[in-house]
Amino acid sequence: MSSEFVLETRNLVKEFKGFTAVDNVDLKVRRGHIHALIGPNGAGKTTVFNLLTKFLIPTRGQILFNDQDITSLKSAAIARMGIIRSFQISAVFPHMTALENVRVALQRFEGSSFHFWKSEKSLNKLNDKAYALLESVGLQEFANTVTVELSYGRKRALELATTLAMEPELVLLDEPTQGMGHEDVDRVVELIRKAAEGRTILMVEHNLSVVSKLCDRITVLTRGAVLTEGNYQEVSQNPVVKEAYMGSEATTLEGAH
Amino acid sequence: MMTPISENTATKRYVENALRSERRHFKIYAVLLLLALVAPFVVYPVFLMKILCFALFAVAFNLLLGYVGLLSFGHAAFLATGGYTTGYLLSTYSGFSTELAILLATAASTLLGLLFGVLAIRRQGIYFAMITLALAQLVFFFYLQSPFTGGEDGMHGIPRGALLGFIDLQNNLMMYYFVLAVFVFGFGLVRRIVHSPYGQILKAIKENEPRATSLGYNVDQYKLVAFVVSAGLAGLAGSVKTIVFQLASLNDAHWHMSGEVVLMTLLGGVGTLLGPVIGAAFVVSLEHQLAQSALGNWVNVILGIIFIVCVLTFRAGIVGEFQKFFKKNFR
Amino acid sequence: MTDAIKPNYEQLKLTDLHAFYGESHILHGIDLLVRRGELVTLLGRNGAGRSTTLKAIMNMVGRRTGSIMINGRETIGIPAHHIARLGVGYCPEERGIFASLNVEENLLLPPTVRSDGMALDEIYEMFPNLYERRFSQGTRLSGGEQQMLAMARILRTGANLLLLDEITEGLAPVIVQKLAEVLIKLKEKGLTIILVEQNFRFAAPLADRHYLMEHGQIVEEIDASELSAKQELLNTYLGV
Amino acid sequence: AISNNEVRIGYLADMSGTYRDLAGPNGLTALQMAIEDFGGQVHGAPIRVLSADDRNSADVASSTVRQWVERDNVDMVAGMVASSVTLAAVRILEQNDKLGIVSGSAASSITNEHCSPNHIHYVYDTYPLAHGTAQAVVQEGGDSWFILTADYAFGHALEADVEKVVLENGGRVIQKVRHPFPTSDFSSFILQAQSSGASVVALANAGSDTTNAITTAGEFGLTQSGQTLAALLLFLTDVHALGVEAAQGIQLTTGWYWDMNDETRAWSDRFMEKTGVRPTMVHAGIYSSTLHYLSAIEATGTDDTQTVRRHMMDTPINDMFAQNGIIREDGRMIHDMYLAQVKTPAESQNEWDLYNIVRTIPAEEAYRPLSESQCRLVNN
Amino acid sequence: MSMIFGVPVAVLSGQLLLGLINGAFYALLSLGLAVIFGLLKIINFSHGAFYMLGALLTVVLFNTLGVNYWMALFLAPLIVGIVGVLVEYFLLRKIANEDHIYSLLLTFGLALVIQGVLTNIYGVSGMRYAIPEVFRGGVNLGFMFLPYYRAWVIVAALVVCFGTWFMIEKTKLGSYLRAGTENSKLMQAFGINVPLLVSLTYGFGVMLAAFAGVLAAPIYSVTPVMGANILIIVFAVVVIGGMGSIIGAIVTGLAMGVIEGLTKVFYPEAASTVIFLVMVLVLLVKPAGLFGKEA
């Protein structure tokens, strides 16, 4: 593998009409890590994700992926390079079956996505692979279910399966456990752990127990700027982080360990 | 490469379901084609040709609205471009080959479609509809002012010519089968597209565009291709229509025409393959029948009432409602 | 002494409440009673019907049968917009921030239904983020900020029966702690609160009682005092 | 012999759009009156009428007429207003050798470059419209012209004809402006007309374009400031809509007026009984031409197109519509036209008492002489 | 006399003024459309028909009941507004949660019915309505003759436009309206009678159209089809301004009037097309219109 860091931002800035949502962020995500971006509400986490995937255009700064400058690329091109994001609200194709959802993602590697003269039967050869991916997130029973009919947690699982189908190098997850019951949270934690094999993950998460269980490295953002960085231990000890973000929770958590 | 037959039941069921519905559709198409082949012996062929031309137009339009979720309000421009190009070629150069004229006309609309598409494809929702409308209005103005179109009077007496040089299209029956063939080609193409790997991506884009983007699909390009194909087919419809009626007129370029095709498609069932065909047949027959009946001066009122009733009671369109009914009761 | 300030006054009483979305039958006979000044939670897994219960109270579902008494008044037959006027404040799980209004307009939007709501200053003091962003478009706020706004806006109306759906969702731990303090204060003021929560750790110390829901039914009612005794039961239902 | 033992007449007109009132449903009534008056049959063969709304669309016209002649064996098509409709219809009639009698259209090209052995243009055309009015106005001293033209074939034709007449009579055209069809706001054009300094402002348009322009001219005091307004095509229904107050004094050319003599009045009374309005020249023309057509069938005993047309051409028309009307070989029916002036409110006795006939323009003078014709049926 | 592109400056200033007056009409019409679209997400294809109805009622009320202009100015919009409320209540409400395109189809059907029925009753030749006594005549501004009535039109239209803008953007009622249309269920849960609000909004929107119709009655020929062609122009105005933007509709309406007016001088044939050219150019540069918020 080429370099130590998969993703790097240099002096990344995003301004909205005089309001600086992201302020000179230098982020380095090490290959193979599960890296968390945490911080108080409105710190700019989602905005950073939007900048990385070009759903927003940076005001200033640089984004490097495998040492290559991708600041000027468009969303789809970035995805093709191997950076795939999931959304804060679950993103699926509602009137397609779970199997078809995953297949759409797999299709990209076929190079047949513009082949309008072929029958869609030519896609059947992807079925097994799609099925395997569904299996890996526990959705095998729902392969032929239309996605709208899936429950929230399952939609998230499907989204993850689709994301993995892209064989991304870097996965961006925005609050993957938001709105889930405890059981589901545990399932998703396992899923992410599994997905992380051989990949790098950058995630935003407010559930500190998830963060503490999963993440190798944590960057704390406040008011758009990096406050500190380190592993969970280091970060949760930091009095400034406690004050700005964790409150007394960090100590409680530790107690629970 | 041999596709290994899958071992697991879920994917097997998937493939079987697809096959079963394909077979059922195939039966329906076979019956319809048979009907279409004998129809001219029962119904006045020119009238049938009119239906087929509009049906092709609506099918082309539906490729966009029904399968990509793009409402174009400027499709008249393509219909008219197909028509005027054909008309110009056939009436200016005597003996010009009919099939070449059709081809060139289709190419011209396709090019225009590319131009429209490049300008419009980035806009969303109603803005897309309006920019296509605006562009079509500019095209309308061009045709209104250009001397070769005959302005408001239109182009008349365009020769039908002979197909491949020997099939006399002056004969209504010959002409009919030719139009039918063109229609079947257009319909088949759209069907193929919808059920192709590319069609799957279109469907994904329609369902959730940001997600498709984030999976690495350059959605604008996919949309653009669909737009251009739709424009080309609309042009083909216009071209054939011009040959059938031996005339090209500004009506084809007017925004009412763009509106009419929306109505046909919605009435028949948007996002279904046969919907636009049925819708076109319905609207054309209705207008035709009403215009000639004692209710002649109430045509608009009756059409208006039908639209209202359609929206209130069978919103999925004729074919769409039928499918719903079928799914509910027989499956 | 008027009814309304009597202790044990029945602020909300559901009897055999059924609710439907179109064809699908979601709630299957809910019975529930909340007295003035109580804070109760509805716990359960995803899809158990907790949000639907709140929506049914607000008349926001397709169809309802049974009885919903608010302040001693039957509301099963009255239109949705009359319910809030009985002093009910509802904070939806999807937040419902209005894109066409700025933050302050969002905040000032719900009409006051009773006189003793919080003042704007108090609210801004509680959520400084909102003060800072008060002129930006409502939906431009970050996820968590939107959650704060959704909560804050019903505190202004003076409603004395609050239906809160997953209000800690997506909030930073500090804010969650602050919200807990707010709820305690509101309780002290005598407000009645129904809390739908995933975050049991947040809800447990606040609540007087817990209702456990599954498949559109209430399967268990647990008093705060029995909590440790019934921990086992909770674990099986919630997987805590 | 009579084909299908039935004489079938198709009536094609705009039944619901902009040109509805000048022909439209009431034109059908006029046609039916003619058939009734004729006795409902010719040589024992019943006369059947089919009618259709052309929706001002060449497409609709073309498919309707095609079906009429190819499937329904229609012998003659009457009505026809918008020139695109007329041109589409007559092409098909020619291909199938059936007859068309055009009563609504204005374009003189219909019997000029577009003439055919299968149609007759009966009531009026742009040539007399331009000549009658323009000549009169120039002769009264209006020698500098501003022409406001509807930007489509009909307007262009009228404009060209007017310009020619103005120049021939020693006037000059200062400015020509083409407005989109249709336009509702004419204030800008009227202002242009006012500042052009022309003594005559001519309107080469029709229908609501004309009435709107006249209304606006009144509002902006065009005539008060000494300019003359000339509307080149006004139907009775237009003047009725404008009212004498707004339209008073306007000169126009018409092919017929209901209040010209006892005969016209008598027919108009019957018409009004059925329709509630007074007939336009088009209505009267439809009646007259249908009678003339049926008489020709009666006389020749056949409904064969060329025989009938020949006979129609050979027989002068003398009825309440025309005296000594002649159908020329180019298909143009020429008859006397009238220069009329809209009455003042004081003169007007009732809502339909609208015109003073100023003078009669003899047929030969009114229409484009055959010597200038580009019609292929005319050997020049 | 000084000239610009061969046109005397005096004439040009006259044209500018006229353009502005016409623009006031556009502003009024597109405002109604923008209110209805912006707040209700209804693509109101019957807007032209309601405009016509306003004008026609003015004439018919006068002819049958002798209702004068001032009363008509109040009565015709009121009647049309009531019709609008009924239309919303009995028809549009049924499809409130469907795709916009169905509201387009429905209102288009409605327009066909209204126009068709009235065409069969009143014909298409049009009716005339005399300019009210007080506004007869005009004033010579030196560069042009300005009829008093036109001056009144611009004043009346601007007052109504800015009054509407103020009500929607600056009052509490306006914020209920904006919010109610985004999430009507929630607004009801807050205690607002949203269905009523929606009916009234639609009624108000078409009332604006009818008001424009009354203003138009004395200067344009009143026919059942007078609203048919104005519709897409007005739509274009709304889109250029940015769909749903109230101020956008007003400003663009005025601006389009002026641009169209100038086109009538320099290239009259294109007068009714120029607006679409502007639309293409604007949308290429600003995808959500001049005042629209980009998504």
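Read from first to last, the chains carry the letters A, B, C, D and E; within each, the first residue is number 1.
Simple rule for what comes next: contacts are C-beta pairs under 8 Å (C-beta built on N, C-alpha and C of every residue); 3 or more make two chains touch, one makes a residue touch a chain.
These are the chains along with the protein names UniProt gives them: A = Branched-chain amino acid transport ATP-binding protein LivG; B = Branched-chain amino acid transport system permease protein LivM; C = Branched-chain amino acid transport ATP-binding protein LivF.
Here the structure is a predicted model, which is why all the values come from computation and not from measurement.
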- Number of steps on the shortest touching-chain route linking chain A and chain D: 2
- Message: Keeping to the contact definition above, tell me which chains border both chain A and chain B.
- Response: none
- Task: Tally the contacting C-beta pairs at the C-E interface and at the B-D interface, and name the larger one.
- Result: B-D
- If you take the mean of the Cα atoms for each chain, which one ends up farthest from chain B? C
- Item | Farthest-lying chain, centroid of Cα atoms versus that of chain A | D
- Message: Can you compute the centre-to-centre distance for chain A and chain E, using the mean CA position of each chain? Integer Å is fine.
- Response: 48
- Item | Approximate Å spacing (C-alpha centroids) for the pair chain B, chain E | 34
- Counting in whole Å, what is the centre-to-centre distance of chain D and chain E, each centre being its mean C-alpha position? 36
- Task: Quick one: which residues in chain B touch 2 or more of the other chains?
- Result: 297, 299-300
- In contact (per the touch rule at the top): chain pairs: A-B, A-C, B-D, B-E, C-E, D-E
- Item | Contacting residues of chain C [partner chain A, same complex] | 45-47, 93, 129, 133, 136, 140-145, 147-148, 166, 169-177, 198, 200, 238-240
- Under the touch definition given earlier, write down the residues of chain E that touch chain C in their complex. 172, 175-176, 178-179, 181-183, 185-194, 293
- Of all residues in chain B, which touch chain E in the complex? 71, 119, 122-127, 130-131, 133-135, 137-138, 140-141, 145, 255, 259, 262-263, 266, 297-301, 303-308, 310-312, 315
- Message: Going by the contact rule set out above, which residues of chain D touch chain B in the complex?
- Response: 15-16, 20, 24-25, 50-55, 57-60, 62-64, 66-67, 70-71, 82-84, 87-88, 91, 107, 151-154, 156, 181
- Of chain E, residues touching chain B in the complex: 43, 91, 94-95, 98, 100-102, 104-106, 108-117, 119-120, 232, 235-236, 239, 243, 269-270, 273, 276-277, 279-280, 283-284, 287-289, 295
